[in-house]
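Read through the structures below before going on.
Two complexes are shown next, each including subunit A; its partner changes from subunit B in the first to subunit C in the second.
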Partner chain A sequence: MVIIETKNLSYTYPGGTKPSLNDVSIKIKAGEFALITGSSGSRKTTICRCFNGLIPHFYKGELEGEIRVADKDTTKHPTFEMAKEVGLVFQNPENQLFALSIEKDVAFGLENLGVPREKMRQRVDWALKLAGIYDLRERSPHEISGGQQQRVAIAAVLAMQPKIIVLDEPTSFLDPLSAKKIFEVIHDLNRKLGITVVLVEHRLDLTAKYADHIIIMDKGRVCQDGNPRTILGAESTRLIGVGIPKATLLFQMLAKDGLKLGSVVPLSSDEIAQSLLEAIKPHD
Partner chain B sequence: MSVFDGLKYRKVSSPIHDLDPRIKFFYVCAIFVGAILFWTILPLLILFAIQIPFVLLAGVKREWLRSLRGTIFLAAIIFLTNLIVRYFASGGALLVTDLEFAAAMTLRFIVLVGSFSVFFLTTSPDHLGLALERTRMPYEFSFAFTTAVRFVPVLAEEAQTIMDAQKARGLELEKGNFLKRIRNYIPVLVPLIVSAIRRSLELAEAMESRAWGATKKRTNLYILRLKQGDFILFVITIVILMVTVYVRIYIDVPGLSQFLSGVS
Partner chain C sequence: MIEVQDVGFTYPSGVEALRGVAFTVNNGEFIAIMGQNGAGKTTLVKHFNGLLKPSIGRVLVDGIETKKTSVASLAKKVGFVFQNPDHQLFSETVEEEIAFALKNFGFEEETIKKRVTWALSFLELKKYRKTSPFMLSGGERKRVALASVLAWNPEILILDEPTIGQDYKQKEKLRQFILQMQTQEKTIVIVTHDVEFVAECNPRVLLMTEGRIVADGQGKNILANPEVLAKSSVVPPQVVQIFSRLNELELPKNVIDLYEAKDLLLKKLEKRLR
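What follows is the complex of A and B.
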């Protein structure tokens, strides 16, 4: 089942002369882990804003084409209605937490929706535990690290139990280790709860292995769309300026020099280690 | 600023911290009324003394004293102004009663600052926001209040970063006369304001994405419930109010010098 679908979507910000999104047509299936990547200025954030109706409701501007998310036309439903279907996690963790305690922040969306208190308590605790920050629940946002703040932001959208979670470069303010932890949390949500994940990310080294689907954008257009192994393994992708995982690069270099390591393109270090082990295993 | 230090809330748990902010505010108002009603030292001293067990129970003695120390400058101004006005009003003669009056006015100020300081030291901004909501004030106001409190440390940190960055480029903040010094802060203020505006846009976006404004009937994770301690404080406050009003109306409170001579 397709949960996010855009058809010939084009968008121009108010006052903009050139369209920011140009004829974007993508399909993301329910339960998928989709990865959107591309160089800076490729308008990845803009497409995220379309998914929950911030575009066109909050940003105005001109939107053409069709977009359906969770069977709703985002142009016809206000953002607060879309918020129940799509959770959006932003780049800067600091600017998406407004309350004075973590649990209050996680409850914010539910409070807005008018969820009764007992139910709210349950869902807040559930989300806090899933994000692994239950012990921090009474702290204030400025007392915790950036990685923890970002997990609070994830818990906060999670508490609203959306079908889709869209994360716009959630780790760009974080160190590699915190980033890795965030990706693990996201992967868990996708695998265990079946939530559709749309992750916008540069760090393909850490994320490509989780992805079922990869979309590469360039200057407001989709230039590659499909299976991560075929796309990242292809020669043309490297030329766009996408950070191909190092394992994949090594695989390509070795293949070029005549060493073919199995038939599957590796996306992470453990995958390439596996095929290397297999290659050096004495055959009898 | 040391005065503001005395208003900063720190998260600790004490019987006073757990009290309902509305009742605590009522108590502060009662002290306030008491302080306004009297012109003489004795009752003001009593009002001041009433707060001491409160402070000790809350375990905020150090912070409270610091906030009082912060008032020294203003208190001195109040004392001197009163003294000078009295001096000229009485035609160049200064009596003991004038000294007493000036001291009483200063003490009144200290009582006011002291009681407000206890209130802010022991009331979490979250509770305060909640109390504001309870007063039927639109939610937007209490939200703006708690968010402002939330972003104070963030903005302070940012101001420091900008200041360091501008100093690294040769900006001298501590140079020149008073006006020049104020002007020196423009290169700090402009980026600070710009980034605050940008931050507010991001905040608005995040709020929208979390169903801001979805329903008029908003619920809240926390509720304020009156407990035993709240009733006790309520009774204490009523007693304080009644006693002060009674004393003010029916009893002629002696000045300190009269009182002392009466005793000896």
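What follows is the complex of A and C.
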């Protein structure tokens, strides 16, 4: 089942002369872990703003084409309604937090939905723990670091348990171990609860292994769309400047020098190490 | 040269952010400071341009003690790009943003024009010359902040998380630029979580945990040491992860470079596969 679909979607920001999104047609299936990447300024954030209706409800401008998210035409449903279906974690978390305490920020969306107190309590605690900030819950979101703010933004979205989670470079301020843990939590929710994940990231070394689907943007257009192994394994993808995982690059470089490690393109260090170990196993 | 002499720093709130930090950065050195959130990395680099003054100990920049001088007088020597560009940008257009410091430092009109044009084209911002920085994407705003500092060509460059929001091509450009700066004997200190970027650059690496420096050495020695990294919440780069799973091949331990890894693997495997 397709849960996000755009057909020939084009969008121009208010006052803009040229479209920022140009004829974008993509389909993301329910339960998928989709990765969106592409050069800086390629409109990754802009497309995310379409998924929860921020475009065209908050950012007016001119939207053409079709967009359906969770069976709803986002242009016809206000953002607070879309929020039940789609949670968006912004690139810059500071702009997303406003309550007096972290806990209140995380509870805000649920309060709006009129979730009963006891259930709300449970969900908020669950989300705070998953994001690793339970101990900070009474602090103000403005006196914590950027990395911790990112965790709050993630917790706020998790608490809503939406069908779709859209994360725009959600761990850029987090240290490598914390980032890894957050990606693991998100991957887990995707696998166990079937939540559809749309993740915007440049650092594919950390994330490619989780993806079922990859979309590469360039200047407001989709330039590649499909299976991560096929796309990241293709020479042309490297040439457009996408940060291919080192494991995948190593596989390609070895192949070029005559060492073929099978037909499955590896996306992680585990996968390529596995292939290398297979290659040296004595044949009988 | 930056000399950090047994520095301790406590915020007015009582948080002890630096404890007994001591090291020297020589001219022309390239250093990456890594470590977990809250380890004190930003607090430390803010001492290099006098934004913060040590509670204990001394910081000397080219022999001048930061406590005895002003931020303004250090500013021209030490360029600082903040982690969050929104804390730095304020002008109405990208062009004005980049020209601002140059004007402040009293450069001539002609020079300002040239420098601004250079910085715009180097950071691929030319088409945004007349755009408000606040209309740009996160990665682009970061590049505007970088451009505004690179424009005046400081002796010492401090970049807090310069690769956030940057694509591979931009990171590669940044790396080339840093190498070029080094040939001019300029000093570069970056604070970063981007392990793969550090692996590609192989600078001197300082690892921090809880206000202390817990490791100091060449990138290839530090990044290939998973036990040391774990203490600072740093995950080893992918090449190191791969090699650590191939114990039986008896590969050298301190490899972080992809090309070196490929050559070593080919050599080992050619023998085995024959």
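Remarks
Note that in this section the second predicted complex is superposed on the first by the 276 of 284 C-alpha atoms of A that agree within 3 Å, B and C clash if a C-alpha of one lies under 4 Å from a C-alpha of the other, contacts with A are read in each partner's own complex, and residues count from 1 in each chain.
What we mean here is this: a residue touches a chain if its C-beta (ideal position, glycine included) is under 8 Å from a C-beta of that chain, and two chains touch if they have at least 3 such contacts.
Quantities reported herein were computed from a predicted structural model and do not represent experimental measurements.
When both complexes are overlaid on chain A, the residue A:P141 reaches subunit B alone and has no touch with subunit C. By the touch criterion defined above, A:L250 lies against subunit C but remains apart from subunit B after alignment on the C-alpha atoms of chain A. After overlaying the two complexes on the shared chain, residue contacts for A:N92 are found with subunit B and with subunit C alike.
By the touch criterion defined above, A:N52 reaches subunit B but does not reach subunit C.
Within the superposed three-chain model, A:E118 lies out of touch with both subunit B and subunit C [touch as defined at top].
Once chain A of one complex is fitted onto chain A of the other, the partner contacts of A:A107 are limited to subunit B, with no touch recorded for subunit C.
Using the contact criterion defined above for the overlaid structures, shared-chain residue A:V157 touches subunit B, although it does not reach subunit C. On subunit A, the surface patch touched by subunit B in one complex and by subunit C in the other comprises residues 92, 94.
Looking at the complex, you find that subunit A touches subunit B at residues 49, 52, 54, 57-58, 79-81, 83-84, 87-88, 90, 92, 94-101, 103-104, 107-117, 120-121, 124, 138, 140-142, 156-157, 160. Across the interface of their complex, subunit A is touched by residues 35-39, 83-84, 86, 135-140, 143, 161, 164-171, 193-196, 230, 232-235, 237-239, 241-242, 245-246, 248-249, 258-259, 261-262, 265-266, 269, 272-273 of subunit C.
Of all the residues in subunit B, the ones that touch subunit A in their complex are 11, 124-126, 129, 143, 146-147, 149-150, 153-154, 199, 202-215, 217-223. Every residue of subunit A that touches subunit C in the complex is listed here, in rising order: 13, 38-42, 44-45, 91-92, 94, 145-148, 169, 172-180, 202-203, 205, 241-247, 249-250, 253-254, 257, 259, 268-270, 272-273, 276-277, 279-280.
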